[in-house]
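One chain, chain A, appears in both complexes that follow, with chain B as partner in the first and chain C in the second.
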Partner chain A sequence: MRESSLMMLHYAAAVVLLVTGSIHLMKNNIPGMEIHGPLYLVNMLIFVSALMYHAMNGVRVILIELMPKRSRAISYIILVLGIIIYLYIANLVIALVR
Partner chain B sequence: MKEENRGGVFKWFDFRNYSLERFLYTMHRISGIGLVIWIVIHTIQNAFPRLFPFMYGWEYTILLLILSFHAANGVRLLITELGFLLGKTYRPVYPYKMGVIYGTQKKFTVVILLIFFIIFLVMFYYLMLNMRVIT
Partner chain C sequence: MEERWILFKVFRYNPKVDKFPHWDGFKVKVDRGTTVLDALLRIKEEDPTLAVRYSCRQSICGSCGMMINGKPRLACYTRVLSLGTDMVEVAPLKNFRIIKDLVVDFSDFFKKERSIYPFIIRSDAEEMMNPTGAYKQTEEELLKYLEFADCIECGCCYAACPTTATDPLYLGPQALNKAYRFIMDNRDEGAKLRLSVVDSDHGCWRCHFAASCSNVCPKGVDPAKAIQFLKGVIMREKTVGFKKEGTTLVSYPQLKPVGFQRSE
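Right, the complex of A and B next:
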């Protein structure tokens, strides 16, 4: 994918994070705010997906800026690492929220 | 892209002769790295709740600071990246005028910093409520 498309996805993920992250924070911290069931699970899965993409792309951008010669290797390492961590966290979220 | 980045991480902290946005850039990076570390800690806390129990403490204030800053400054970057609230470009002919990041953009930056502070205060209020410092 082109670098500009990846960055546009990065911004789209940020907007998704603002919404889903706010729901996650409000649910866990505002007393009396009850959100349960599959709706919250869906919210958490969207949140984790956007979060992992945003975080991993952020780390990738920083590393590429510091080591421009190794950009391809960094991208692939981050991609593999990101998928592994994403699967682990998504699995954890499903187990905890259900 | 093939040239070495000679400045490296240390250049992030060189604020001399740079605008406020340069400082925000560095802070955005640091808060981003901080939040990645927080994701790791939060995942471990959830995966092994007996080994690492949840605690509401004063250290959460740092998390709230970096979280609210990263969110507010991220909105600023998003709006600026899409080309909104930027000044008009012009040919650099004498007498020079102020650049695109002055004017509306500067006011917008100040507004975003205020929003950051308000988000932080709201989240800090709920932290205090959950820590039972205030009832």
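Right, the complex of A and C next:
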């Protein structure tokens, strides 16, 4: 995947984070705002996916700068690590929201 | 004319002989017009072992870039008294390998520049070999890249760039600025080739827009802006497709030179 595709996803994830994060904050802080069931679960899963991608790609960019000759290895390690953390968090979200 | 004694603290290091770098102090009498390069050449008269690279002495060649009071500047373009300090610290450009004293190795810098194809690429090879006319460029088309075309390759932007300091494989502001300059030139047809080089792990996406490069450029070029525009070009290429107006060939008999009439 070209660097531009990864960065485009990075920016898109930031926008998604703003929207889904706002819904999450409103649900928990505005009295009377009730979002329940599968709709909120979907929102949270999208939020977590965007958050994980944005965070892990950010870490990847920092590590590539610190270890420029290991860029490919760093990308694969971050991908595997990201999937493992994502699966753990997604399971946690499903258990909590249900 | 006001004359003052200024202390020059000059970085000295010969990797072939010295284990560690050290600083030498020299007192030089300067006046309003004395540049840092003038002062260094006076120092060199006293101590011929001092290595300094320079050529044109009028900020055109870009040879005398160095760290002056901690900032990358051209020595020939920096007047000593304009610095406003009684002591002037002169060191080699950062992010470059030191050859000796104030002279640094530009091979990596030029290698990166060459990687982005810093010349006009055209598909009409026959016309390039046997030209029958000139390529038309309007004022608007020229203005799209003119502000990025003044680069003299002095390396000041490269020395100021925080990303280059951490990532030696990063293409750097000079090469990326040049890539944008040629991509926006309507005579050029090599945009795709260049975009494939700059859209990489160590290409334009590593720029954090600290804009230190633009801050130190002695020619007023804005590489940070060019890099952000370059990112925009890549985004357009990936989404709606990047298109630019081509140029037309105006054959020689149609050209009307200003100031004289062509005689047939």
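Some points to look at:
Basically, the second predicted complex is superposed on the first by the 98 of 98 C-alpha atoms of A that agree within 3 Å, B and C clash if a C-alpha of one lies under 4 Å from a C-alpha of the other, contacts with A are read in each partner's own complex, and residues count from 1 in each chain.
Keep in mind that, in the parts below, contacts are C-beta pairs under 8 Å (C-beta built on N, C-alpha and C of every residue); 3 or more make two chains touch, one makes a residue touch a chain.
Since the model is a prediction, treat every value here as computed from it, not as a measurement.
Of the two partner chains placed by the overlay, only chain C lies in contact with A:5; chain B stays clear of it. After overlaying the two complexes on the shared chain, residue contacts for A:55 are found with chain B alone; chain C is out of touch. After superposition on the shared chain, chain A has more residues touched by B, the comparison being chain B against chain C.
In the superposed model, A:69 lies in contact with both chain B and chain C. Of the two partner chains placed by the overlay, only chain B lies in contact with A:29; chain C stays clear of it. Chain A residues in contact with chain B (one complex) as well as with chain C (other complex) are 7, 65-66, 68-69, 71. Residues of chain B touching chain A in their complex: 1-5, 8-9, 29, 32-33, 35-36, 39, 43, 46-47, 71, 74-75, 78, 81-82, 123, 126-127, 129-130.
Within the complex formed with chain A, the chain C residues making contact are 163, 166-170, 199-203, 205-206, 231, 234-235, 238.
Every residue of chain A that touches chain B in the complex is listed here, in rising order: 7, 11, 14-15, 18, 21, 25, 29-31, 51, 55, 58-59, 62, 65-69, 71, 88-89, 92, 96.
Here chain A touches chain C in the complex through residues 2-5, 7-8, 61, 64-66, 68-69, 71-72, going by the rule given at the top.
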